[in-house]
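The first chain written gets the first letter, and so on, giving A, B, C and D; residue counts start at 1 in each chain.
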Amino acid sequence: MATKALAVIAGVGPGTGASIARRFAKAYSVVVLSRNPANFEPLVQEINSSGGQALGISADVTDPTSVKSAFEKIAQQYAGVPLAAAVFNPAGGFTRKPFLELTEEEFSQGFENQGKGAFNFAKSALPLLLQAQGLQHPPTLIFTGATASVKGSANFAAFATGKFALRALAQSLAREFGPKGVHVSHVIIDGVIDIPRTKAWTFEHEDAKLDPDAIAESYWHLHTQPRTTFGFELDLRPYVEKW
Amino acid sequence: MATKALAVIAGVGPGTGASIARRFAKAYSVVVLSRNPANFEPLVQEINSSGGQALGISADVTDPTSVKSAFEKIAQQYAGVPLAAAVFNPAGGFTRKPFLELTEEEFSQGFENQGKGAFNFAKSALPLLLQAQGLQHPPTLIFTGATASVKGSANFAAFATGKFALRALAQSLAREFGPKGVHVSHVIIDGVIDIPRTKAWTFEHEDAKLDPDAIAESYWHLHTQPRTTFGFELDLRPYVEKW
Amino acid sequence: MATKALAVIAGVGPGTGASIARRFAKAYSVVVLSRNPANFEPLVQEINSSGGQALGISADVTDPTSVKSAFEKIAQQYAGVPLAAAVFNPAGGFTRKPFLELTEEEFSQGFENQGKGAFNFAKSALPLLLQAQGLQHPPTLIFTGATASVKGSANFAAFATGKFALRALAQSLAREFGPKGVHVSHVIIDGVIDIPRTKAWTFEHEDAKLDPDAIAESYWHLHTQPRTTFGFELDLRPYVEKW
Amino acid sequence: MATKALAVIAGVGPGTGASIARRFAKAYSVVVLSRNPANFEPLVQEINSSGGQALGISADVTDPTSVKSAFEKIAQQYAGVPLAAAVFNPAGGFTRKPFLELTEEEFSQGFENQGKGAFNFAKSALPLLLQAQGLQHPPTLIFTGATASVKGSANFAAFATGKFALRALAQSLAREFGPKGVHVSHVIIDGVIDIPRTKAWTFEHEDAKLDPDAIAESYWHLHTQPRTTFGFELDLRPYVEKW
């Protein structure tokens, strides 16, 4: 049914993931994945009712069977449609706690969500991206990083191990799949994002929170780069952020 | 005379600088600086004859008087016109030599061109950028880095010291002027750029050289980011580059 | 029975771990942990027969119960003896494979061994290290890193995610426990170590493999630093290594 | 006259440089360089009167003629004596100021002292170090870095450009001269050093300042590493330092 190429975005709540989906929906049919359908239903409706094409699939990135099943649904629904872009953006695995109070379960969630989640997603997305050569833009796989991707702060052992692992995976995939024509990028989001959950957080300066739509524009820009000029890593932060 | 805002690009030969000038000329009057007028004359003519506005000024970034004089000419020619963007892109200071054969003069040229050159340029550009608030995009200062910005290779002491110094300056200015609304970025260009000088260099794979027009698109993208979402550093390389 | 303080080394085969155990055995009673008793039995005998004190305990760092049980044995055997140093050095989790051929099991082993293994070990060691203030040297926790701790190479997704995660953990613990007087360090071993397994590997230059005894001297040096002057990260490589 | 090998330390005041000189004087005849003889005279007397051998030479590292002249004096005084170690530790080039108030002179002093100073010193020391093979420890060249070696903070443009440049030089020399048997290292000193000038600075916690003698022990440790196991970079900070 779809004639446009596909973009799949994993990790879609009311924030960055939704903005990325809206941005990529201007050019592609988008499929959004989230554990809880309530996270994507309003977004899917919004995109479909405003001229775009969106499909939501309930999936748990930490569960390989769930991710495979989601990509099987995509294959059925969009048979023969190339995958132009895949974005890994789930927020899970965050626990802020003194190390000696951190349970094994809490610690592991950082890697389960950010490391193994990205593994599961990339395993299903990369074979499709490899086949998607010849579109307007090189097929693209983007991972969302955080401050904790490059700094292991006190009390952040769970999240930082997950985000460091995700960055290692992104580097490894960029070096393996770049020469095969797939553009792999890692975006470090360094600051608080302006989403419903953070609405009440106030700062000394105005505009002190990252705009998810502006983040989405950077993801789109990375996607449009030709293979001569692939960007790997970009760090984004508000103008008043300390770093 | 001009009603459009200004962009100043230092370091304009037939490669990246020219592509950046062409890209920014779609929105701004551009001023291009180069030691040798032969480097910018065809470009200025090309932009002016195709609907844009360009002015070339002969200037040596390593000479503070020369840079000041160039910005005085800009002030006269474009009195009252805001400076929307400034790009520091000179190529000088490159010498590849065993350390013990490197003269003091050759060694110093790395810092003179990349460090002090950027200092001179930023000293003149920043006061204008600080005044240029309220335009469509935050005023922007972008520095061009290289592989040698993050890796000091054998025989690259001259260039790497210059490029590391330039990166230090870019970080320092981003942290000081970001909170004042000026967007400072540093782009690491990791690979051979496809310019006339490198036309004869062939590689095993096609598209193995960076496209200067694609580099320019990334500079433009950085310029368009809102102050909530400033990108500081982006690394660009061909898909087949080893890194 | 012991009057000397303790050092516990996890990951003891015939290479670096054994050298570390020998070095720390000059000052401390050492406990060495390894999955397979065959890995530590000759070493324990060697240390005990040459004037030192050593105890081997079979333990699997990826299994929290096994690690807890090992530390319970230590507590019984060395009741009231302070823990001066703990070293995490297991080699597990290494698989070199194209990403699409990597099984979930293989991928997870990187984190299981390097990330969760270090978590399990640190959980048991840190409470003891916190109590060990007042000895000649600040109590010390050292983690062994690798090239893959800072670079995610093609085909190294499993090991690099594990080693990046381990580095994140080390940073997080250094920042949390440093102010509490525990010295946390991370040593990046960049190159092939000269151990029985690599004896047959030859290189163009002599001395091209890291000497495990020299590595052990650096671990000991880090341990002897006063709290005014804690080293966090040290990278070690042979003089002819490319980096 | 001397039968012991030589160590030359540039940048000797009452702090780190003096501690390094004292430490290396336990094994070597030491030559200390400083612009102002008052900086080294008490130290030279102290070492000579306590069984060591020390010589002070007034030299300005930013002046190539001055550095060459100092090494000529060394060659005359210690004809035929091998140079076992050279340490570059001058403190100059530090200015903390808003960028727009920074003069060209102030800005350049960062590079003059840290970049060109290190160039001048390395130019004279490396030929001697290359000849000093066969001693107990590989000939060693160590550069002193700072927080500003890896972070360009606001208002630190002068010092950070100098320290980044110094780190680039250290990397480049390590990669060129390591394979030739010379051990090149870079030590990042991240925090306030406990020297006469900082005696009055008090902190919330005791032991919050780096101990120069402990820093010197780490320099000595690096010097003793065999060529199989060269450490390049080590970061040192007080246990309570924020980083």
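Note that a residue touches a chain if its C-beta (ideal position, glycine included) is under 8 Å from a C-beta of that chain, and two chains touch if they have at least 3 such contacts.
Not measured: the values here are computed from a predicted model.
Copies chain B and chain D of the same chain sequence form an interface built mainly from equivalent positions, shared numbers / all numbers used being over half. Centre to centre, using the average C-alpha position, chain B and chain C are separated by 46 Å. Per-chain CA centroids place chain B at a distance of 34 Å from chain D. Taking each chain's centre as the mean of its C-alpha atoms, chain C lies 31 Å from chain D. Counting only residues that touch two or more partner chains, chain B has 175.
In terms of inter-chain touching, the protein chains here make up one closed cycle, each touching precisely two others. Inter-chain contacts, as defined above, occur between A-B, A-C, B-D, C-D. The touching residues of chain A, when paired with chain C in their complex, are 64, 98-100, 104, 107-108, 111, 115-116, 119-120, 122-123, 126-127, 148, 151-157, 160-173, 175-177. Here chain B touches chain A in the complex through residues 138, 175, 178-179, 181, 183, 194, 205, 207-211, 214-215, 217-218, 221, 224-241, 243, going by the rule given at the top.
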